[in-house]
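The following blocks contain the structures, represented as structure tokens.
Common to both upcoming complexes is subunit A, partnered first by subunit B, then by subunit C.
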Partner chain A sequence: MEFTEPALEYAEIWPLIVVFGVACLGILAEAFLPRGRRHVVQVALAAVGLLVALVGTVLVGTNLDEVADGEARGLIGGAGSVVVDGPTVFIWALVLVASLMGVALFAERRLEAGVSAFSGQAAALPGSDAERKAQGLDHTEVYPLLMFAVGGMLLFPASGDLLTMFVALEVLSLPLYLLTGLARRRRLLSQEAALKYFLLGAFSSGFFLYGMALVYGYAGSMDLGAIDAAVRNDAANSVMLQIGLGLLLVGLLFKVGAVPFQAWTPDVYQGAPTAVTAFMSAGTKIAAFGALLRLLYVGFGADRWTWQPVMWVVAILTMLVGVVLAVVQTDVKRMLAYSAVAHTGFLLTGVLGVQASGELAEGQVTSLQAVMFYLATYSFATIGAFAIVSLVRDSSGEATAFDRWAGLGKRSPLVAAAFAFFLLSMAGIPLTAGFVGKWAVFTVAMSAGAWPVVVVAIASSIFAVYFYVRHIRLMFFDVPEADAEVASVTAPSLLTSGTIAVGVLGTLVLGLVPGPLLQLAADAGQFIR
Partner chain B sequence: MDDFPILSVLVALPLVGALVVPFLKGALAKQAGIGVSVATLALAVVVAAQYELDGGMQLTETYDWIPAFGVHFALGVDGLGLLMVLLTALLVPVVLLASWRETETAVDGNEQGSPTAFVAWTLALESLSLAVFLATDVFLFYLVFEATLIPAYFLIGGFGRVGRSAAALKFLMFQLAGGLILLIGVIGLYVVSAQAGSPSYLLSDLMALDIETEAGRWLFVTFFIAFAIKAPLFPVHTWLADTTGKATPGTSVLLVCVLDKIGTFGMLRFCLGIFPEASQWATPLVIVLALVSIVYGAFVAIGQDDVMRLIGLTSLSHFGFIVLGIFVFSTQGGTGSILYMVNHGLGTAALFLVAGYLVSRRGTASIRELGGQEKVTPVLAGLLLVAGLATLGLPGLSPFISEFLVIIAAFQYAWYVGAVAVTGIVLAAIYVLWMYQRTMTGPTADVVTRDQDLGVREIAAVAPLVAALVFFGFYPIPLMDAADPYVGDLLSHVGITDDPPEVTAPAAAETAEEGEY
Partner chain C sequence: MFLYTEGGHSIPVVDPVSAADAGGVFPLLWLVIALPLLGATILLLGGRRTDAWGHLLGTATAVGSFVLSTLLLIAMMGREEGDRSVTQHLWDWVSVGGYEIGMDLLVDPLSILFLMLITGVGSLIHVYSIGYMEHDPRRRRFFAYLNLFVAAMLMLVLAENYLGVFLGWEGVGLASYLLIGFWQHKPSAAAAAKKAFVINRVGDIGMSLAIAMFFVTFGSASFTVISANASGAGEGTMTAIGFLLLLGAAGKSAQVPLQAWLLDAMEGPTPVSALIHAATMVTAGVYLVVRSNFVFEAAPAAQTAVVVVATVTLLWGAVIGCAKDDIKKALAGSTMSQIGYMMLAAGLGVYGYAYAIFHLITHGFFKANMFLGAGSVMHGMNDDVDMRHYGALRKLMPVTFLTFAMGYLAIIGFPLFSGFWSKDKIIETALVESPVFGICALIGAGVTGFYMTRVMLMTFFGEKRWQDGVHPHESPSVMTFPLIVLAALSVLGGVLYLGGWIKDWLVPVVGKAPEHELPFPAIVFSLITVAVVAVGVAVAWLTVGKRPIPSTAPTDVSFVTRAARNDLYGDAINDTLVVEPGKALTRGLVSADRSLVDGLFTGGASLVQGLGQGLRRAQNGFVRSYALSILAGVVIVLAALLVVNL
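Take a look at the complex of A and B:
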């Protein structure tokens, strides 16, 4: 048997290579640099690496060749395993922007009096002498971990076959499991969250793997294009296909936090260091939705009558469970976690709104365009909101209980106003980005005839408005009880305040002039099969 | 001068004011607020001067905004829009002047928000409301329609009596629920217009659209529910009295006299404009709801002990009249409704503000505890009486004319509809006069002293309203000139011509008589 050397399309996939390369460099730096220098070097490496990758992504995006009569742009590279097309590039850019904001939050050291928010020595038992000794230490392994996670996030939506998708899934998940357990304060909560996330995540990966095997059994290939061809030719034994697809969906829906696989979300969001929560909530969601879209639209696009009803049910349940449980929360991070679940439902509403391009009018919004735009709006709001959560503190660190937030609007009007703005965007109030995003996903679902889902989505939005506005009321109009301890805002360095500013600006601009980004998402075209 | 985007400037001016005012302190902020709102009023008058009375959309501006959604930044003014713009522009300076001290005094020992915030939110509300009345793109309309709720929420939640933050939440929940139902309709319109070829939200494109009957009816329902909550109409009115009971009088004026008009404005422009068939299909139910609102609103108002709640509930009755006039589909009804919208704005604003003066003097809004004001504060009592008489439709004051037109139209539609509507007038006399009797006449309480009569600022704030009430009571022609062409266009779009006067004489006699002429 002759061995042919695979040819890699370096010109298109180099942003991916940069991110992985910088992650490896980070490990070397961690091993060889003296402790005192590591923080600066690691932050610089990560930030520069991400920036270069972002610039690269933009360059790659502008130079993609048109294929399929201009309906799509890009190529299938890496011997069929990496697809660099318009949607890939768009999602890469989103992931990289979210990661840059994440790095800025990771590097914040002013809030904890000169050290980062990560545990000095994660292996030390909580309450032990070893932990006390490690208290002044700074954990810098988080940056290579972040870079690996980003690498996985970039590869995940670009995977051309199921095997690559699985590898990317693991590469993005494993660092996140670790990062979740690294909180400096509330160690036990953080470790518990990491363990839960790991166990459930490993379990769902197993489902994904089993699904892959069944689909391979059906189609005779891992390749998404080949699976699509098999589905179109209606090969025998479609039961195997359906079970396989179901199991694949379990793995992906777990990652996006859809009902009934949402149980990990509140615990992990609450237990993880807030900077990690911010990065993860945006990054994972972008990447996982990218992968979900590619799997469903490319691999199983011809079989959409099978999966669309499933998605109807999942979307409806996700929205309802998300908003109903969010209403009864008394902790900001948990409330935002359940709101993230609800947003997953709204995004799924967009996903199930797919129509063949022939069914759409000239210039009508496509589901891909809508979902990608929603991901952008959601990322800015969620990262900004968690960044603000990290500022609101009392004597024991971050104060996430609702009663601590009472009257914050009087003590720190600017921060409270920014938080209120993010909440309004998540609630989908007009003149914020969230509204335009919601409009887009609801519209594509309505066009595809999924009006029951849209009606449920609207009903959930009403619930959602209630808990968002209740929090605004808490901040601005409620007066804290006389002897209760209240949280105040700790002045952050430029890193966090800059991130919040970017979030506010993004939410505002996308709310007022969403045209250019929508056009960009439209120009990205379709997935390449 | 022709290309000058005067409507955009009209919308932008108060918005700029709202952004600048937070950087000013104390009295300067209030002065700046009044300055900006008076300038806006002047600009609105210029718009009115440029408006030609032959109807249609005028001074239009259209810019592409979100091409992917077929959304335009499109403004234009027609007869209806012009009257609403003038009403809004007049009421805002009045409210700011009347609320000059509102934010300084704690009510019920309850701390108030800063006066700067009050001015800024009021100006923001004005800008968004003007945009609502000028928007000729449904998406733009929806955006500003929803966005008005944010300043309104902060105005209710930040200023007023104890329990206001709960009232603000209730207000917002009701309004946003309506708004989200409307969102279904707005999205549906996009789908319908995309199926027809190219997605566009321009009002003119949508009006030309041939919407399938069933789809049209569903979309109509979403629009109507949203506007019924806004107006409000029975049975979705419950937020109204809670809100006006807790908010400051100034805020109540902005809510009831400006924001609520968006409800009936929307029914005219969007329900009738885009869904003429469905509007006629829904008429029987809408008329029943309107009649229930008229009678029920009046009865509930009679039973109130809180002055501010009472005035809020009178509006329920009045909005019943407006909706009734819109949905009987005749020239008298349509013109009457539009006039009613203006006159209700003037009369109810005066009533709210004067009652607010009274409440702030006595520290209570409970009618039972008030009384005997007449002898010691005659100016206050007199103004309350004038505003009250306007509300109950006394001839010589402008609301009479509009109420009269609506009732004529109701009788033309069906005698029993007219008969029920007429009871509204009787009940209005009860709630206004009884309220006046219990608050102003009777033994004077010791706490009331002669120096508590209205000051110059307070009188100056209400004077324009009273002047307008009297002026349009005797000379309503300017209002009719603006409303009539609009109503004519609308009814011909809906496909209705007024019935010719019925001749009851036998046919033979008729021809014989004709010969004699």
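Take a look at the complex of A and C:
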């Protein structure tokens, strides 16, 4: 058998290579640089690497060739394993922006009086002598870990076959498991969350893997295009295909935190260092929804009547459970986690929309564009909100219990106002980005005839307003009890405040003039099959 | 332009000219909203620095909007009848491919009337509040919220598409929430604000779904597009949209079954009750129905539903008004009932739209007048609201008494006062169009005569029943001036109907009805109405005026009185049907969450003893139950896939 060397399309996939390359460089730096210099070098490496990749993504995006009569742009590279098309580029840009904001939050050191939010030595208690001695024992490995996770997030939505998708899933997940367990304060909670996340992640990966095997058995190929062809040519509905598809869905629905696979979300969001929560709540969701869309639209697009009913139910349950449980939370991070679950439901509503532009009136948004736009609006709000959570502190670190937040609007009006703004955007109040995002996903689902889902979506988004506004009222109108300890805002460095400012700006601009970004999502076109 | 006619009457199409082409004062339209919005922004962001002059700025922006609105009205009167709709495009709100949603404003004969009412009555209430809130340390914030409300309400009536209406709709809801709960140190005020908020959410579901259906059916939310294509949509679709809009309108306008929040909303400062919960915001539902005439004309079933809801509400509110001892709640019941009249007229279609708006405006005058009068009384009575502690105030508060009396005569429909004209036309039209509802409206008028006379007698006549230490006095002139202006308007509001003016003025928006044939001359209807009202007044005189009034409410009363005192058990109905099942559901989900997620963690006593050992054990249970839930999920997903596709 003759071996043909696979030709790599370096011109298109180089942003991906940059990210992985910088991650490896980071490992080397960790090994060879003296401890004192590592922090600066690692932060610079990560930031520059992500910036270069972002610029690269934009360049790649402007130079994609049109295929399929202008319906889509781009190519299938890496011997079928990596697809660089319009949606890929759009999602890459989103992931990279979210990661840049994440790096800024990781690098914040002023909040903990000169040390980062990550534990130096797992055994040393925060503030103890042992830890003071270990000062500078910063886990600067977090930056290479972050870069590997980002690499996985870039590859995940770009995978052209199931094997690549699985590898990307693991590459993005493993660093996140580790990062979750590195909190300096509330270590037990953090380590417990990491272990849970890891065990359950491994569990769901197993389902994904088994699903791959079954689908391979059915289609005779891992390639999404080949699966699509097999599905199209086979009128009989194979049980093997259905079970395979179901198991693949389980793996992906776990990653996005859809009901009934959401159990890990609140614990992990609460336990992880807040910077990590901010980064992964946006990054993982963007990447996993990219992969979910590609799997369902490209691989199983011809078979949508098989998966649609199940996804209807999952979307409805996810929204309801997210909203109802968010109402009864008393911890900010847990509330935001359940709110993230609800947003997963709203995004799934968008996934159910009309996907082929041929079925739509000229110029209407497709569900792909609506979901990508929603991801952008949600990312700005969630990163900004978690960044603010990291500022609100009392004597024992971050104060996430509700009663500590009472009257925050009096003590720090600006920060409280920014948090209120993010909450309003998540609630989908007009003139914020969240409103336009919700409007987009609801309309596409409505056009596809998924009106029961839309009715539930509108009802739950309206009831969600309740717990968002309740928190705003808590900050601005409630007076803390006389002897209760309350949290105050610790002044951050430019890194965190800049991140929050970017979040506010993004949320505001996308709410007032969403047109350009929606147009950009529309220009991204369809997936390449 | 009238696109099509159905059953002999025409339904106009919204076809505005652009503000730039219209010239004159029209390009300044955006300023009407921007001024109060700017006021609210400065006052909220400026903080304590603006305390000294905040109330003056707030009043000035409202008056500025009023002046501008007046200029717009004059300019509009100078234009041809067909050219009176003017639109202004501010910016592209959402613009991608086929969807074009602009931040567009529309001023036409309908919205200009609202502009005058909102900015006019709004300005008067700003002036009044300078005096009323003088001793409140948070007066500046109060004016900021009032400005915010005025801006949002103007947005609601000026928007050219339903999305813009929704923006204003949510804005007034927010302002109303903030103002009902303004005295947040009172738990009752905070609870009332929450209640109003929650009930309004239910209405908002209807509103949002209606907008979604507009997008799906017409690909747009613009009045221009929808009214031009309304004939193309099926009656089923239009009926569904009509019902959804009615749900939205019922929430905002406190119509049965979403009426329960309005009585509690009286916890807010009295100027708020006058402006938001009497004159303007609560009438937004009527505006929505009249503005959506192109929907309701194509959906007779939805129109009938409007009429039924309106009739039930007008009786419901009137009965509640009869039994309340709290002067503001008695007036709130009356507001509910009067909005029922407006809704009734709006539900009668093209025959009634103009009268709905006419009554809305006169009601805005006389009800704001009476609420401010009630505020003036409370001001003199140490904020006591119980009418059983009033009595014999007419000598001590002559201005308040006389102005309140003008409002009283207007609302009961005393001949030649403003309410006489507007209510009379509604009852007449209802009697002709559907006698059953007409007779209910007539009975409502009699009950109105009863409860308003009762309020009047208990407050200003009879014996002194004042509490110790209360020294009633007339209010300062900054408060009586708005009262005098509003009293004058309550008397003279009827001039809007001089020569049928308001009917002709609204023709470009609501269409022209064929003259209906009256079985009797109009004067006979008026006489019947006046006679029924006179009976109500006489009954009140006999039962309230002639007997001594105990200073605590008697408890040995009939079932009807007890029911009316309890708001006809509106809260109990809500509790049994909605709140309790909802709570049970939440409790169920919470306990499921606790037992699955938190149970072993929080409940484990071993955790307290040895963290390590306990945590490990708890942790095991934890992940296992998570994994179990995932496994169950897998089974369900697979089973569902297989079942659906077999």
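One rule holds for everything that comes next: the second predicted complex is superposed on the first by the 510 of 529 C-alpha atoms of A that agree within 3 Å, B and C clash if a C-alpha of one lies under 4 Å from a C-alpha of the other, contacts with A are read in each partner's own complex, and residues count from 1 in each chain.
FYI, contacts are C-beta pairs under 8 Å (C-beta built on N, C-alpha and C of every residue); 3 or more make two chains touch, one makes a residue touch a chain.
A quick note: this is a predicted structure, and the numbers were derived from the prediction, not measured.
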item: Partner chain in contact with A:263 - subunit B first, subunit C second, else both or neither; value: second
item: Which of subunit B and subunit C A:490 touches, first, second, both or neither; value: neither
item: First (subunit B), second (subunit C), both or neither touched by A:519; value: both
item: First, second, both or neither for A:250, with subunit B first and subunit C second; value: second
item: Doubly contacted subunit A residues - partners subunit C and subunit B; value: 361-365, 429-431, 436, 439, 442-443, 446-447, 454-455, 458, 462, 465-466, 469, 477, 513-515, 518-519, 522
item: Touch list for subunit A against partner subunit B, complex; value: 360-365, 369, 424, 429-431, 435-436, 439-440, 442-443, 446-447, 454-455, 458, 461-462, 465-466, 469-470, 473, 476-478, 513-515, 518-519, 522
item: Sites on subunit A touched by subunit C in the complex; value: 188, 192, 195-196, 199-200, 203-204, 207, 237, 239, 242-243, 245-247, 249-250, 254, 259-261, 263-264, 266-267, 305-307, 309-310, 313-314, 321, 324-325, 327-328, 361-365, 413, 429-431, 436, 439, 442-443, 446-447, 454-455, 458-459, 462-463, 465-466, 469, 477, 512-515, 518-519, 522
item: Contacting residues of subunit B [partner subunit A, same complex]; value: 64-70, 142-147, 149-150, 153-154, 157-158, 164-165, 168-169, 172-173, 176-177, 180-181, 183-184, 186-188, 190-191, 194-195, 197-199
item: Touch list for subunit C against partner subunit A, complex; value: 47, 91-99, 163, 166-167, 170, 181, 184, 197-198, 201, 204-205, 208-209, 212, 215-216, 219, 585-586, 589-590, 593, 596-597, 611, 615, 619, 622-623, 625-627, 629-630, 632-634, 636-638, 640-642, 644-645
